[in-house]
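Each of the two complexes below includes chain A, the first together with chain B, the second together with chain C.
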Partner chain A sequence: MKLKLDKKDFNPFLQSLMDEYDLFAPVQLAEGVSVYKKIDRPDEVDLSTSNPQKPAKEVFFPQSEIMFRYEKTGKQHQVTSTEGVERKRVILGARPCDIHAVSLIDHVFSGKEYTDVYYANKRNATTIIGIACDHPLSTCFCTSMNGGPFSREGSDLFLVDLGEAYLVELLTEKGMAFSQNKFLKKAESNDLNLGREIEEKASKKMDASVPVEGIEKRLDQMVESPFWEKVQEKCIGCRVCTYLCPTCHCFDIVDEALTNKGQRVRNWDSCLSSLYSLETSGHNPRSTNRERTRQRIMHKFNYFPKNFDRIACVGCGRCILYCPANFDIRQTIKEIQKGGDK
Partner chain B sequence: MIQEKIRQKAKELLENKTVDLIIGFGEGTLPLRATPLFIRNPEEVDRLIWNSFCENNLATYLHKFSQFKVGLVVKGCDARSIIALSLEKRFKPDQLFLIGVPCQRMVDRRRVKKAVKGEILRAREQGDQIIVEGEDFKTALKRDDYLYPSCQVCTHRTPIKANVVIGDPVEERSLIEAHPEIKEFEKKSPEERWKYFEKESSRCIRCYACREACPMCYCAECFVDSPNPKWIEKGLSPSDIEFYHIVRAYHQTGRCSGCGACERACPMEIRLTYLTQKLNLDVKELFDFETGIDADALPPLSTYETEDKQEFIK
Partner chain C sequence: MIGVGDGETATRITIMSHYHEFMLNMKNPYLPIPMVVKKAHVETADRMLRTLELGFLNEEDSKAFQFIPGQFCELSILGKGEAPFGIASSPTENGSLKFTINKAGTVTTALHHIEEGTEVGIRGPLGNGYPIDLFQGKNVLVIGGGFAFTTLRSLIAFFLHPENRNKVKDITVIYGARMPGLLLYKEELAEWEKRSDIKLVVTVDQGDKDWKGKVGLVPNVLEEVAPSSENTYAVICGPPIMIKFTFPKLMTLRFPNERIYTSLEKRMKCGIGKCGRCNIGHLYVCKDGPVFSYAQLEKLPKDY
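Presenting the complex of A and B:
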């Protein structure tokens, strides 16, 4: 079903969502810096910039999340669960790459073998309103990674910015729940044509030249390659690429404890940190940046494909844009495909 | 031309085996970016470049090459980091060969990006201008209007104690008069200053890019990473984040060259250098010390003089 939302109705539309749902959407924290955040007022929502720094995974898998609280009073122990999601949720304004990424980490957190209640509860309670990426950046390579700037995959509703209005496609049952929303009007044929034009233009802009075919097999042969020593040289060992990656999903669980009470907290962790692989004995199997950089690449392009038959990269380009040393994963992929030498 | 001379020097150093490798800058994969480049083969020196986008402090890479003789391309600030690191005995005396370049000051790529509408696809320098081009625009910006905050207040653009200086020395400014922003900030009330710090640090994602980009942050185990004793939690609570940033800044007292690598590395664009600049000014005022100027003078917190000011002891 294809409807239309006039931009003058945008904030009232958001308010109508907020009456029923907790709304998550991009918010600018400073000029040029944005994140997905729970919305308190419709005018906080900012769809004007391209992808926020922090990806949409944060709505389902927060950077820091309390798993439960505990307290001891006398001989009584009390444990309070925090896994429930009280209100239905909407995430609005996520781009196809971020939504694609969520479908990938679904395999980890709510796949065939395991269900992580913290993730799954949020995921099940959430309706995803994706937005077409009408101005892909030169660092974007989603089309090389089984995605596309207008890919509807994973969205319940999908917005296309037509200038004065948004074209609103209702794609799933969750999406159809919005068919009676009073701000959504019937889309005319000229709206649909304009939407198609914008889609064609954006698709032409895409750089589909990042060659990933066969990369998993190639990496099988490269575990001990001197390539890793070379490729890691410029990496300063921070966590930017992993924290801002929409598919990276490693975490660390800690107890934040006081004398008689505390909370168990799950925080994002990064394979680029030496602490990540430090064992209690003091031994660290990934003792240098060489092993850690290899792990990052291997997990995305070898281990994840082995486990789930998919590459754990969606081509959003964040790791390229925000790396302090201009480590460019597109280059790394190309070098791997050439057998590791330049 | 500076770039050509850097290449010649690098070639000579590699051919004579004076050094095992050169760490300099190469062409970045993005407009307005250069990237750290590691060269071992004299045939490859033509990949070295020099322009106003050579923003990284390459001294931060030295810990990876402690077993090698390294030829390092340094700006004024980077050279000061090297002196500060030498005082902390981070290298053997003859391990480094510094190729110093008097710095034209580096261009703030983020401010350039914000100055135009649309994505910048190409950028180049032309005289005192930066020409940026996108799909449907081409704009010339005055280079000096788009310098990094740390570069705007730089006082030592010509590298000190470099083995060779390529290009002519530039005129320097004195430390005290160079910081109008800090002087303004000092006039604010403690509440206002705290509010600013709170707002900036609230964007922190604890990626530690500021720490890793800094040549002076070389602790084998940073206090934030220590599992036992645990000094700090790893989540996003404001008190933990603020604790990290305050300690990070204080650890730089008398050690920070003011290069601004921390701020440039931050993906969330958190202002950081106003903290270290204030510390640098305090150290200058209280102890008449500037980081990385005198290769024999220990930083004030590593030594003492009987006439040190002690009014703060109540």
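Presenting the complex of A and C:
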């Protein structure tokens, strides 16, 4: 079902969502710093910037999250889990690459034996309103990674910015729940034509030249390659690429305690930190940057595909855009495909 | 002080949930089960190893806890954190779980100071455990060194149980420590020594005036004992240096990689394959291990 939302109705529309849902959307915290955040007032929402720095995974897998609170009385303890979700949620304005990434980490947090209830409860309670990426950046390469700036995959609703209005496509059952929203009107054929034009233009801007075909097999042969020496040379181990990566899902679990009360918390962690694998004995299985950068690349292009039959990169380009040392993963992929040690 | 099953133990885990429509009706794998320290004693002369015997506080937790030797648990002291430990007791020893803890960091130090009667949390059983089904009808050679003997103890006690003894043929155990005072489970070793259905060789690198047993390094003792590899599975756990020198001896005895198993340790947090920390290649030590065959390990990066 294709509908239309006039921009003058945008804030009232957001308010109508907020009456029923907790709304998460991009917000500018400071000049150029945009993140997904729970919205208190409709006018906070800012869809004008390019892809927010921090990926949409944060709505399901927060940077820091309390898992349970506890209280000790004498030798006993009382544990209160925080796995519950208070209200239904909507995430609005997520880019197709971030939504693609969520569908990838779904595989990690679900599972035959163990389901991560913290992630799964949020995920199940959330309706995803994606937005078409009409101005892809030079660092974007989603089309090489089974995505696209207009990919509807994973979205329940999908917005296309037509200038004066948004084209609103209702794609799933969760999306159809919005069909009666009074701010959504019937889309005319000229709206649909305009949408298609914008889509074509955006697709032409995409860098589709990152060759990932067969990369998993190629990497099987490269575990001990001298190539990793070269890869690590450029990396200063700041870890920004992993924190901002929409598919990175590693976390640490720590206790925060105040005498008899406290909480167990999980925090994003990064395989590029030397502390990540350091054992109490002093032994560190990944003691140099060589093993750590290898881990990052291998996980995305070899280990994850082995486990889940998919590459764990969506081509959002954040790791390229924000790397202080100009490390370009597209270049690394190309070098791997040439056998590495060229 | 609370004891086991004293009625104080109604569900003390509450789940704050407000929006049920989308909540999955499933168990939260991150919540520890409450247990109580029933007994605790120091194992070794250097006082670095302490064994805790934990009892379940809830009957249903006790029933639900089904494990096999080689599996592990995340032991949790609220306020200090969690750490993984192999289960040292055997599933045949009902009602409680044993862990032997090397004092090394925050959680292990807290576990060394914890008093009997205190509540702790556990999550588990986690991991795959030893392939006991594969061992059916075969000889089992167990080689252990130092405090890595915990899950090996579980394995041996399991097969020595009257119900299981006829599941495997000969059981040969070579266990070494640096000094006599560093051997774990001394009383039990003495009992096993008396039995005719297990061949136990205990050795120390360096004896003392009271030591009447064997003196020699594990790899050399293995060479001396020279167990046949025919129809035999080997399980080896110990410090890396022991494994490094014992492994070639197993090769000389013609043990194929497929029939040599070990249990790995790696820093881990979640224990269920989510947090990403303990991977070796595409496998996770917590969920695909901790027990691996050498045939598996030779195909993986040396990330351990």
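By definition in this document, the second predicted complex is superposed on the first by the 335 of 342 C-alpha atoms of A that agree within 3 Å, B and C clash if a C-alpha of one lies under 4 Å from a C-alpha of the other, contacts with A are read in each partner's own complex, and residues count from 1 in each chain.
Everything below uses one rule, namely that a contact is a pair of C-beta atoms (placed from the backbone, for glycine too) under 8 Å apart; a residue touches a chain by one contact, two chains touch by 3 or more.
All values reported here derive from a predicted model rather than from experimental measurement.
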Fit or clash for chain B plus chain C once both are placed on chain A?
fit
Does chain C touch more residues of chain A than chain B does, or is it the other way round?
C
Touched partner set for A:Tyr303, first chain B, second chain C, both or neither:
second
Name the contact category of A:Thr139: first (chain B only), second (chain C only), both, or neither.
first
Can A:Thr115 be said to touch chain B (first), chain C (second), both, or neither?
second
For A:Lys54, select first, second, both or neither according to whether it touches chain B, chain C, the two together, or no partner.
first
Tell me the angle subtended at the Cα centre of chain A by the Cα centres of chain B and chain C, rounded to the nearest 10 °.
90
Touch test for A:Phe68: chain B only (first), chain C only (second), both, or neither?
second
In the overlaid three-chain picture, which partner chain does A:Cys97 touch, first (chain B) or second (chain C), both, or neither?
neither
For A:Tyr322, decide between first (touching chain B), second (touching chain C), both and neither.
first
Counting only touches as set out at the top, which of chain B and chain C does A:Val27 meet: first, second, both, neither?
neither
Tell me which partner A:Val254 touches in the superposition: chain B (first), chain C (second), both or neither.
both
Three-chain overlay, closest Cα atoms of chain B and chain C, distance in Å
7
Interface residues of chain A shared by chain B and chain C, listed 252, 254, 278
Going by the contact rule at the top, pick out the chain C residues touching chain A in the complex.
1-2, 8, 12-19, 21-24, 26-32, 34, 36, 78-82, 104-105, 108, 115, 117-119, 121, 265-267, 269-270, 272-277, 279, 281-282, 287, 301, 303-304
Within the complex, chain B is touched by chain A residues 29-33, 53-54, 63-64, 135, 137-139, 233-234, 236-240, 243-244, 252, 254, 256, 265, 267, 270, 273-275, 278, 289, 320-322, 324-328, 330-331
Can you list the chain B residues touching chain A in their complex?
28-30, 33-38, 56, 60-61, 64, 110, 113-114, 119, 121, 202-203, 205-209, 211-213, 225, 227, 233-237, 261, 264-265, 267-269
Applying the document's contact rule, which stretches of chain A touch chain C when the two form their complex?
67-68, 70, 72, 75-88, 108-109, 111, 113-118, 120-121, 124-125, 223-224, 249-255, 257, 262, 264, 266, 269, 271, 276-281, 285-286, 291, 294-295, 298-299, 302-304, 306-307
